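Order of writing sets the labels: A, B, C, D, E, F, G and H. Residues in every chain begin at 1.
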Amino acid sequence: MAEIVRAMLRRKDSRHNILVTRGDKKIFAAVKRTGGKDARSAKFHELSGAITIERIQEITGKGTILVVSAGTSDIPVAEEALLTARMMGNRAEHLYDVGVAGIHRLLEHREKLTQARVIICVAGMEGALPSVVGGLVAVPVIAVPTSVGYGASFGGVAALLGMLNSCSSNVTVVNIDNGFGAACVASCINRL
Amino acid sequence: MAEIVRAMLRRKDSRHNILVTRGDKKIFAAVKRTGGKDARSAKFHELSGAITIERIQEITGKGTILVVSAGTSDIPVAEEALLTARMMGNRAEHLYDVGVAGIHRLLEHREKLTQARVIICVAGMEGALPSVVGGLVAVPVIAVPTSVGYGASFGGVAALLGMLNSCSSNVTVVNIDNGFGAACVASCINRL
Amino acid sequence: MAEIVRAMLRRKDSRHNILVTRGDKKIFAAVKRTGGKDARSAKFHELSGAITIERIQEITGKGTILVVSAGTSDIPVAEEALLTARMMGNRAEHLYDVGVAGIHRLLEHREKLTQARVIICVAGMEGALPSVVGGLVAVPVIAVPTSVGYGASFGGVAALLGMLNSCSSNVTVVNIDNGFGAACVASCINRL
Amino acid sequence: MAEIVRAMLRRKDSRHNILVTRGDKKIFAAVKRTGGKDARSAKFHELSGAITIERIQEITGKGTILVVSAGTSDIPVAEEALLTARMMGNRAEHLYDVGVAGIHRLLEHREKLTQARVIICVAGMEGALPSVVGGLVAVPVIAVPTSVGYGASFGGVAALLGMLNSCSSNVTVVNIDNGFGAACVASCINRL
Amino acid sequence: MAEIVRAMLRRKDSRHNILVTRGDKKIFAAVKRTGGKDARSAKFHELSGAITIERIQEITGKGTILVVSAGTSDIPVAEEALLTARMMGNRAEHLYDVGVAGIHRLLEHREKLTQARVIICVAGMEGALPSVVGGLVAVPVIAVPTSVGYGASFGGVAALLGMLNSCSSNVTVVNIDNGFGAACVASCINRL
Amino acid sequence: MAEIVRAMLRRKDSRHNILVTRGDKKIFAAVKRTGGKDARSAKFHELSGAITIERIQEITGKGTILVVSAGTSDIPVAEEALLTARMMGNRAEHLYDVGVAGIHRLLEHREKLTQARVIICVAGMEGALPSVVGGLVAVPVIAVPTSVGYGASFGGVAALLGMLNSCSSNVTVVNIDNGFGAACVASCINRL
Amino acid sequence: MAEIVRAMLRRKDSRHNILVTRGDKKIFAAVKRTGGKDARSAKFHELSGAITIERIQEITGKGTILVVSAGTSDIPVAEEALLTARMMGNRAEHLYDVGVAGIHRLLEHREKLTQARVIICVAGMEGALPSVVGGLVAVPVIAVPTSVGYGASFGGVAALLGMLNSCSSNVTVVNIDNGFGAACVASCINRL
Amino acid sequence: MAEIVRAMLRRKDSRHNILVTRGDKKIFAAVKRTGGKDARSAKFHELSGAITIERIQEITGKGTILVVSAGTSDIPVAEEALLTARMMGNRAEHLYDVGVAGIHRLLEHREKLTQARVIICVAGMEGALPSVVGGLVAVPVIAVPTSVGYGASFGGVAALLGMLNSCSSNVTVVNIDNGFGAACVASCINRL
């Protein structure tokens, strides 16, 4: 992994931001050791395990991408989405711990919800959050089921099915735990 | 079916209410033809297909059972639960078409929700309603998944899994489309 | 159904287009009989079973929504998406019968693909089309699995899983056969 | 985890009981080290892995919650339910190792069964116990499938399906291994 | 079907009993029309849809095969097993409507259970009956899951899984609704 | 485990054989350490992980139980069945490595097959062996699917389904890897 | 369908054979009515529902394709494969009703098996036939699972899984009931 | 494992190549230690974990087997197929990292594709590659799904289903990750 990052850092002509998803401290240390100013600027994000090297900070997305998540255990996937959105040149904000069992926590943030241009909605267990959020806004909602849960959550299948059957018509779905993919789509929409 | 009803009507000693679930007009006509005052008082409930013969009207349940449902297509199962609860001697009310994609329709009825002693919550598709309702009240919520939906709803499995993974801790679940069973449990709780 | 349409036609204040999905000739005739200029202008679209009453023709979507589909049997779902997109105020075009087993048919239309602002990609069986299309464009691709196929297609599950695991990072997914939902999301994106 | 417990202990105003489910000896030691009279009173329950700090002993539940379980391997989940029920202010008793393959062991305890106000019924493998228990009592039975078993038990799915299809009409179901949730519902019913 | 029966009747040398499973009145009439003394002796068994032509009545099985079933809807499969056992030369008796939710109905018949040499146990829904019966006897129990039920019974899968996970060690399982197969095995055991 | 064995050894009145399934060398050493003549006679069977203490050698089964298995990897489950059958007082023999892809290896042993009174048939992967064996003999065949295989074997589900759908009518099935259970049933049949 | 056939018949330049799979007598009559010598030569094959118009009889396949099938109910799929193979220019023979429960019927035809250049092996239920056939020959075996069976055959899934887990290394698999596809592959191999 | 290899090396009469699939460095070292010229010539292939001892280098396959794979993570399975094909006496080449999301990488190699006599096509995730490759060539394509992916890839099930539903008629499928089996079939075809 560090080898790939080193190769990317060497290529002088292209100066993209670099993002390693689902890394760990060992990979981070190896990246650091590759040397050079960029490598030294690498950051490790503990919650998501992502490693980022930000080389350009230009914002190319037109609006704000908002990452909303349900429970504490969904935060790693939400953070992966948040960082990916930012590394792809978007203003990205977050709204965590607003699961549907305490609906008022979500409703208190209606303004934040309505200001976003694209929403990424991360939830495990019953995966109900995107339906509620989708009903509160008029913009596209990218739903990310997480593998959080046990027993009949079947590693995220319950949340995935819930999201595919969402009764809100502005919801689409990506694979379980795919925070990265959700941010790619959101970024692609935000550049339109 | 009419034969069984006739046998029940003949038994003089027991005077329970009689409930036929998932009947139709043909069975209703046959029941009517069995003759006698009770048979003539039989009612056919088109939405749920239930046939009821109400012979005692005593209320034995201590509080109100509230049947809440998400979409229009969930109403047949909700009605089955409502009628069953009533035939078992409970005050039962309903609150339909309050799906989570339009969360304010549900929130407008908070008073009704908080006045119930037991809540039956009927929903298909993503089955998210019980989680939201469960978060708004402190009483037991019996969740009934319905087979409403298509594709990845898998005949109610998506809703069933969503409900089993509910993040509200006062939610229990019965089988898909089992409005009758939910009302039995609710009634059993309401007599405590 | 015709009853609902009649009620919608009566409401003078709102003049939205009206779309009935998965209708048939009988419903169409009933809609026609409701009378009035609008009802008389109703059109029945045989391929998708949709009935449309177009009352406003203003284009509010900023670009073109392109509906791409794989096989002949996928066309009903594709048509549902196409009509929905149009009724919601979008320029919408289509590109049918470009399944991946004859990749050159798809590649001949690269220009059409790159001119779209949003792409809806409809496919049954192995559901591979969105991955290929996603790799050819930089805009969001909404993938719609169809229940076309038999045996191990499991009513669209094979296509659904294929799309959720797409290796193209600009692909999101809606429920099986949900051409309507895909067009809602596409339209919502196209208005940004 | 110990950090969260410490924060809870510090909050002077609220004096709830504290329950950590699925803990271990390491977490227990860390809790102990947080200091103070409450922390020192913490107990580790080996069978369920629960850690409890009992600060109030008031009984608020009206009757007895009885936890019934089938096999020896179901006891950890049963214990989690038992402790949760007690920590929530209920009188709670248990009846273990009364699986349906030795039906007389269960029948010998009919009196205990009929004295309970709510029953929690914990079983893995074929999950048949709640149906039998439900037939012996008139109170609500909360069924908890466990992931006990191998092969075609599919991590508790066999027991879960068995319970959802119970022919006893006073049975509702919670998620696999969810002893905590079952006790929450039972406690919520017991306060009615 | 009638054609096959006719061919079997013609073969003079072999004089087995003839059994048609899952037939109907039309097939029965056609069999009757094939003519001859044997065909005229054919019987149609309405509950199971079986057609039997009994040509030899010799009992070759050493003991009694007892067919036990849970609910009224399981009787067609139970009858198929009963008739098959008899046509294969066994003394066969039945014990119906002894589901586990009313355990005392089953326990009242302990003598009948203990007199059998092989037991066939037919049950749908949660499929719990074979575990209870298996615990009451020392002889082999052949469990037959039925497709009776709805929703999460998944066409007999819930009962099948329950039976495969039976905690009684004298239980084996055949395919869903396979009353015929269960009787073949039972008969094969009874001839040992 | 060793504790349970020790308790069993202490009970003077009952002198059953003792069988520990799925043990290991550590448990075996602990059993040995419990002391006494019986404990010293304990044997560890490496292939199946079983530990046996044979205290009575009387044969109570009337005929021979033959354990047949398909591939090398199925042997642990087959051995568990073989040892269980023997510890329960049966003459038990085995026939290993006779998978259906080399059908002649099986056919060479027809005599052995026809001499058995009950056959236990152990197979993973496609689980085809019981169908072939069932067609070669007239006695009951207990089929044991094993979790041997990878990918689409789904931990033994492929073999389980194959066996449940066997076209041989003398085949019944037990749970995946349940060599112990198969031997219990076989022994129970062999005592008839 | 008849319309498509008519269009194919009109195209003078290409003279391929024409094959309609899963047709019926109505389609056949319509094809006949399209007129012309070729249409008049159309044949309806009742067992498979196929309609064939043979315009060229040149054999381009190098060897014989042998279609082997297990039970009577598998014959429609086997016939579809046989006709497809022939219409594509192959010598094709068949060997039906040689299921593994009567292994000697299969073994009697070893010569026929070893003379084939490619074998198509059609089986439902446990789908064991390809493993046995694969072990008897050295040529490629294309396995076709059929949806024949009930209960735990799950519409051909049991047979499909069995075939994917075949212990014979010369077996590959096509979709459930896909006799046409199997013959396409076999023909493609036979032209090498 | 090394023991088996040693036994194979000792058998003087047969001089086949030896292939150990899914081995590791420890097994390799043990094989090396068995001594003799052949053992010393053993090679360890890190990507696939295969160990090969090439004793004969005669090419018996008539054409070239081409192994095509989609992503980097599919290479271990592809390598297993490649080595197996070579050890069985075939000319075998490879074409890696030509996934369908970058269709032009694949199309640049059309010549290589059309020169192969048999193609093995290895892909995880959506498993779309065999459909595209199958459409570009006229020779048989053996599709190998891999367990590469996460979430809704379900350990290769998504790819497996995609391949079974391939719209290219020259595609057959083997088990998940079964590179060895695919090469056996390919080799068997290549010798025809």
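Keep this in mind: a contact is a pair of C-beta atoms (placed from the backbone, for glycine too) under 8 Å apart; a residue touches a chain by one contact, two chains touch by 3 or more.
Since the structure is predicted, the reported quantities are computational estimates derived from the model, not experimental observations.
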Self-contact between copies chain D and chain F, residue sets same or different by half: different
Which of B-D and C-G has more C-beta pairs touching across its chains: B-D
Chain whose mean Cα position lies farthest from chain E: A
Copy-to-copy rotation for chain B and chain C - C-alpha atoms, rounded to a multiple of 5°: 90
Farthest chain (mean CA position) relative to chain C: F
Separation of mean Cα positions, chain H and chain F [Å, integer]: 36
Intercentroid distance (Cα basis), chain H paired with chain G, Å: 28
Inter-centroid spacing, chain E versus chain A (mean Cα positions, whole Å): 58
Inter-chain centre distance, chain C versus chain E - centres from mean C-alpha coordinates, in Å: 52
Multi-chain contact residues (two or more partners), chain H: 151-153, 157, 160, 164-165, 175
All chain pairs that touch each other: A-B, A-C, A-D, A-H, B-C, B-D, B-E, C-G, C-H, D-E, D-F, E-F, E-G, F-G, F-H, G-H
Complex interface listing, chain F residues touching chain E: 62-63, 117-118, 138-140, 142, 160, 164-165, 169-175, 180-182, 184-185, 188-189, 192
Touching residues on chain G, where the partner in the complex is chain C: 145, 147, 155-157, 160, 175-178
Parts of chain B lying in touch with chain A, wherever the complex brings them together: 70-71, 99-103, 107, 125-128, 131-132, 134-136, 149, 151-154, 157-159, 161-168
Complex contacts: residues of chain F adjacent to chain H: 150-153
